[in-house]
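One structure below.
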Amino acid sequence: MPRSDIAVTDSLESLSILDEHGNLDRDLEPQLSKARLLELYRAMLLGRRFDERLLDLQRQGRIGTFPPIKGQEAAQMGAVFNLRPSDWFVPAFRETAAEIWRGRSLESIILYFNGFNEGGLVPEGRKDLPIAIPVGSQVLHAVGLGWAARYRQTDEIVMTFFGDGATSAGDFHEGLNFAAVYQTPVVFVCQNNQWAISVPVSRQTHTPTLAQKAHAYGMPGIRVDGNDVLAVYAAAAEAAERARSGGGPTLIECVTYRVMMHTTADDPKRYRSEEEVAQWQQRDPLPRFAAYLQQKGTATEPQLAEMETGVMEEIQAAVDAAEKRMGELGDPLAMFDHL
Amino acid sequence: MSKMTMVQAINLALRQEMANDDRVVLLGEDIGRDGGVFRVTEGLIDAFGPERVLDTPLAESAIAGMAVGMAIYGLRPVCEIQFSGFAYHCFHQLESHAARLRWRSQGRLSVPMVLRAPYGGGVRALEHHSESREAYWAHTPGLKTVIPSGPRTARALMVSAIRDPDPVVFYEAKGLYRAYREEVPDEEEIIPIGRSQIVREGGDLTMIAYGAMVRPALEAAEELRASDGVETEVIDLLTIAPLDDTLILQSVTRTGRAVVIHEAPRSFGPGAEIVTRLMEGAFYYLEAPIARVTGYDLIIPYFSREKWYIPNVRRIVDAARQTLTS
Amino acid sequence: TPGHSAAVPGSPVPASPATRRLARELGVDLRALTPSGAGGVVTRDDVLAFAEGTGKPETPPPA
Amino acid sequence: MSKMTMVQAINLALRQEMANDDRVVLLGEDIGRDGGVFRVTEGLIDAFGPERVLDTPLAESAIAGMAVGMAIYGLRPVCEIQFSGFAYHCFHQLESHAARLRWRSQGRLSVPMVLRAPYGGGVRALEHHSESREAYWAHTPGLKTVIPSGPRTARALMVSAIRDPDPVVFYEAKGLYRAYREEVPDEEEIIPIGRSQIVREGGDLTMIAYGAMVRPALEAAEELRASDGVETEVIDLLTIAPLDDTLILQSVTRTGRAVVIHEAPRSFGPGAEIVTRLMEGAFYYLEAPIARVTGYDLIIPYFSREKWYIPNVRRIVDAARQTLTS
Amino acid sequence: MPRSDIAVTDSLESLSILDEHGNLDRDLEPQLSKARLLELYRAMLLGRRFDERLLDLQRQGRIGTFPPIKGQEAAQMGAVFNLRPSDWFVPAFRETAAEIWRGRSLESIILYFNGFNEGGLVPEGRKDLPIAIPVGSQVLHAVGLGWAARYRQTDEIVMTFFGDGATSAGDFHEGLNFAAVYQTPVVFVCQNNQWAISVPVSRQTHTPTLAQKAHAYGMPGIRVDGNDVLAVYAAAAEAAERARSGGGPTLIECVTYRVMMHTTADDPKRYRSEEEVAQWQQRDPLPRFAAYLQQKGTATEPQLAEMETGVMEEIQAAVDAAEKRMGELGDPLAMFDHL
């Protein structure tokens, strides 16, 4: 004063660990056991292959509209991999890999996207919320769950997901503000996949990063390479630890890309260039992580191929089971259930 | 048993439910230290602490949305929206989530929250503070809409609302808050949600009302007896939705004539559903068109003219006479 | 059941509003006739038959 | 004159109004480069530039609230809410401002905005994408609620909506978007807001419908003629609110029997107001209880079962027969 | 990268010019003519005295509930004083001084607060919106007006007011985001009067300042001493100039205090200490500005006293006119007008 700069003290950082050329920052490399690393990779792979299969099914008219996740496996799995079963997971609608990791059956996902309410069944004992379609709205549920977990004096935390588009929504703002005011144990994971249907992030907000929106709430913000599963894991681990130990919420921006259409009802050629897509495909999180695992000696190529086979079998079994089940679900009166 | 205002009666219900059940938590703007702008939550922060009585930032969607999360967790949040005119800010949280999560999760999750909001006119308030738009909620599948008519019903219904396994929108007629005192038992009293009650018996005419309109309906009934010798049955709905039409059908099947009363705007208002149920279920017993005495299809005027907008005894008596002579 | 009035003493005789209007216009007292409709509802034909049997109403129908 | 789908017809109306009047601007999510998720605004950004076709960030309250400001300034904004199921996010902007500013400013300001939103089922969509909740708007004083029933009425009503000096909520039945083509004149055609139309004449029974329900009503009427020899009059409301009841009263005064059809949930739905108006205005002409054929008091099920929820020809015919034999 | 701080480049500053002890920063002192300075002072004085009179009327039952502005005259007048008649003014509900300055009649305010819709009449030609009661909602109207003003290629700007509580509302967030994305010429003035009814700003948000919320939108933020009319004026002048010249929106936080009750229906003793109020009364913006004017030789004490008399007469005339008018406004049918 009389005229001076205000310094914001909450941390605002960017993070990458394993870059798209395979360069690894060993100081920052998270220490995950071999078993954990393989679990993580398998979950990403399952997410990828199942997504591809859903697209086939959709193109064949065997399911309805669905939102592909391709390219975002690291962003969601790196984050959700930090959760314990006793923690809460609050997805938007493009977290299929994370949902499966948390225990949602492939079969239920097929049912859901083929218009059966039975696909919404949350299995007993799971602390997860169903898909939330109204953009941004679920952020508030996460805050309420986090508040309740603290009220009950548990060490549970809550992780919620949303897209870049969601950061424009009033509910995002109200949710992050409440979380900071009440210091609820919530990790806010934004999958900035560059697009909200046809709107690029540069027209979604005037800020160069989404992470800096944390400054509006007095919480730490961090922007990570969302296709670098190690970086996402590390950032989320830190945020999860902060939340669990009473340090309050964190906003994580995962910079990633929606490689496919918004949903199968969308035609992205109308609004973005193939070059852009091709460029991002170079940064595919799966091969990057696979190369890391091989380099590190965690898995050999044949082992990964075997994993691939297992994943494909699991998917086929689920498709068969779902189609059998759907054949039995004709009863219209089921629409009167649960209301 | 003691005489209390509706404010005190709701406070009693909240206090007792909080004492009995630590899942019950309150949240809303100014409900803590200030005790709520109408003092409904007065003293509760002292009794139960700020961990159970949350003064929130100014954001209705967050209040409702956070309550959804709390309720899913297993708590029983009771939100206060300071005036029902600001509840539209959280419309989407109620319509898209509170009302749907049980159904969406196939019965695995539920949202046992209560959304309290003062509604209606009569307190010389500023714009947005006097509306009566319960029909919005009543038309929303998955929500229950409850409107007590005085201290005793407010207390007994609030207990049910809190214990209900699903979301309940609880509209409190602010004109009744301090209008009169009524005996309210200290021990627990419950009125089940979904049950209406006959508050006056009669065989010539049926009046159907709820909330703040029950009192003028009763006065009108009295006047009709005194000056016209007409015996009016008055039914207090208590729950607007889901609408249980058993009692009103029974009554109108006997009387053949009905007057439906609400403060809400007339068109597409709650009265239309009530009339339609009577038309569907008591058609052959109707002796005359059912009358609606309602607010007009206007925004309720600023307070100097609101008395012309809100149904009063005169308008009810006039409508009743017309019904009786048709 | 047709032929048996569902009317409870003091309660309305069941009839559609249109039938009531007809009865009023013809000066027919619904209580005086035997309903033929399902559930004891007085029908338009019941009113017309009754009116023919008793001749024209003495007072002209209300406007 | 050329045959076009409802999508094309609305596009034509927007295009012509934009060409005629530079006050007309469009805003909404994905309406620019993408042409809208249903392609209703296809090509308009090329024709009129991004200054008149705004791709907005993802925020419905901002879309509506910004439109309120634009409209006050003197522009004629047409907002698209991507699906009516997300319009609740801007409920407060419509209820508290768009609907009130003329009144609040004593006639000095006005809000000539249109809020377009696809509603209703029939396109195998995900949750929140198939609801029919027009009653929320219809019950809001200060708003007009318009629902066309096909390409031609959509075009002609959209022109009126844009030129209307006050806010209009314009619900577009997404099931009709590409269901069929109809001749739409190139030259201007207008249907005034507030006027319903008889789309089939008949003297035995009146059906009242709007939006996507007009076609099954007409089919049901055809079936009733063919198999029962019954002549059904079908009225297409076009404007839901303010509800002009002239035509429906004239018709039911002649037929004495009516069936009201909508996709919306039954209770507190638009049908209740229609029934009530008939009860009020044609009481002594009613030969039978008026039937409602509607959605159930449920959230519309996911698409594998939605056909059981939405009224169809079979349900309409059954209700008509019941009405005819009562 | 791999791990580094993100620097936010939008300016975030604090400003004071004339402090509560009368210290003046001459470098920053705005250059206002004598006539302008006196106009400004008179507008603040009129706002203060009218507010006091409204309170009397309310206590006597001659009007209904209203929200006093006492203590906030500098925050609102310093800002609005920058507007031209061709600019737009979008108030919340606690900007009575600014509304009067913009041309709203005292009489209409009395009518309004006594429950007559006729008090809402916006005079012909005024580019102002009526009071907006739903907190935060008007912010979006300002953005729409600003967008339209640019669309029409005018140099009009828009100034909108709101409180500290409003910064929690979704509409605040959505509005500032839209304004930044479209670079609309809007000056966002937050009167941080420390309280939203009974909620202190420290429970409204976890951030130490409200100005820093600008970081979430990519716009400059500035925090000024809101009881220092010179600082408010200077900050708003800069923001207005930025907006007018195509530089986009600005968020101004005026740090001030609600000296009285929230509305006349409120009892602030329930939730705040008298010491706090007393402390802030020391910082009253009126005497501070009066002393400045006298020191500067802009006005003598007798001149200020004369001004006071004029103000009181104006108020009395308005009260008389309003009461006469209200006596004539009985017609209930007027409720059917304008809808």
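Observations
Note that the chains take the letters A, B, C, D and E in the order they are written out, and that residue 1 is the start of every chain.
Convention: a contact is a pair of C-beta atoms (placed from the backbone, for glycine too) under 8 Å apart; a residue touches a chain by one contact, two chains touch by 3 or more.
All of these numbers come straight from a predicted model, not from anything done at the bench.
By the document's definition of touch, common neighbours of chain A and chain D comprise B, E.
Traced through touching neighbours, the fewest hops from chain B to chain E number 1. Judged by contacting C-beta pairs, the busier of the interfaces D-E and B-C is D-E.
For this pair, chain A with chain E, the centres built from the Cα atoms lie 43 Å apart. If you average the Cα atoms of chain C and of chain E, the two centres end up 72 Å apart.
Averaging Cα coordinates per chain places chain B and chain D 30 Å apart.
As a whole-number value, the distance joining the C-alpha centres of chain A and chain B reads 42 Å.
Touching two or more other chains at once are residues 16-17, 20 of chain C.
Listed for chain E are residues 117, 120, 133-134, 168-171, 174, 177, 181, 203-205, 339, each touching two or more other chains. Residue positions of chain D touching 2 or more other chains, listed in rising order: 56-57, 59, 61-62, 85-86, 89, 92, 96, 103-104, 127-128, 141-142, 283, 286, 288, 298-299.
Those chain pairs judged to touch are A-B, A-D, A-E, B-C, B-D, B-E, C-D, D-E.
Chain contact summary for the complex, chain D toward chain A: residues 29-30, 32-35, 37, 55-59, 61-62, 85-86, 89, 124-129, 296, 298-299, 301-306, 308-309.
In the complex of the two chains, the chain A residues touching chain B come out as 90, 117-118, 120-124, 129-130, 132-134, 137, 139-149, 151-152, 170-171, 174-175, 177-178, 181-182, 337-339.
Considering their complex, residues 85-86, 88-89, 91-92, 95-96, 99-100, 103-104, 127-128, 133, 135-136, 138-142, 241-243, 264-265, 267-273, 275-276, 279-280, 283, 286, 288-290, 292, 297-299 of chain D touch chain B.
Contacts from chain B toward chain C in the complex involve residues 203, 253-256, 283-287. Put simply, chain A touches chain D in their complex at residues 64-65, 112, 114-117, 119-120, 133-136, 165-166, 168-170, 196-199, 203-205, 265-266, 270-271, 326, 329, 332, 334-336, 339.
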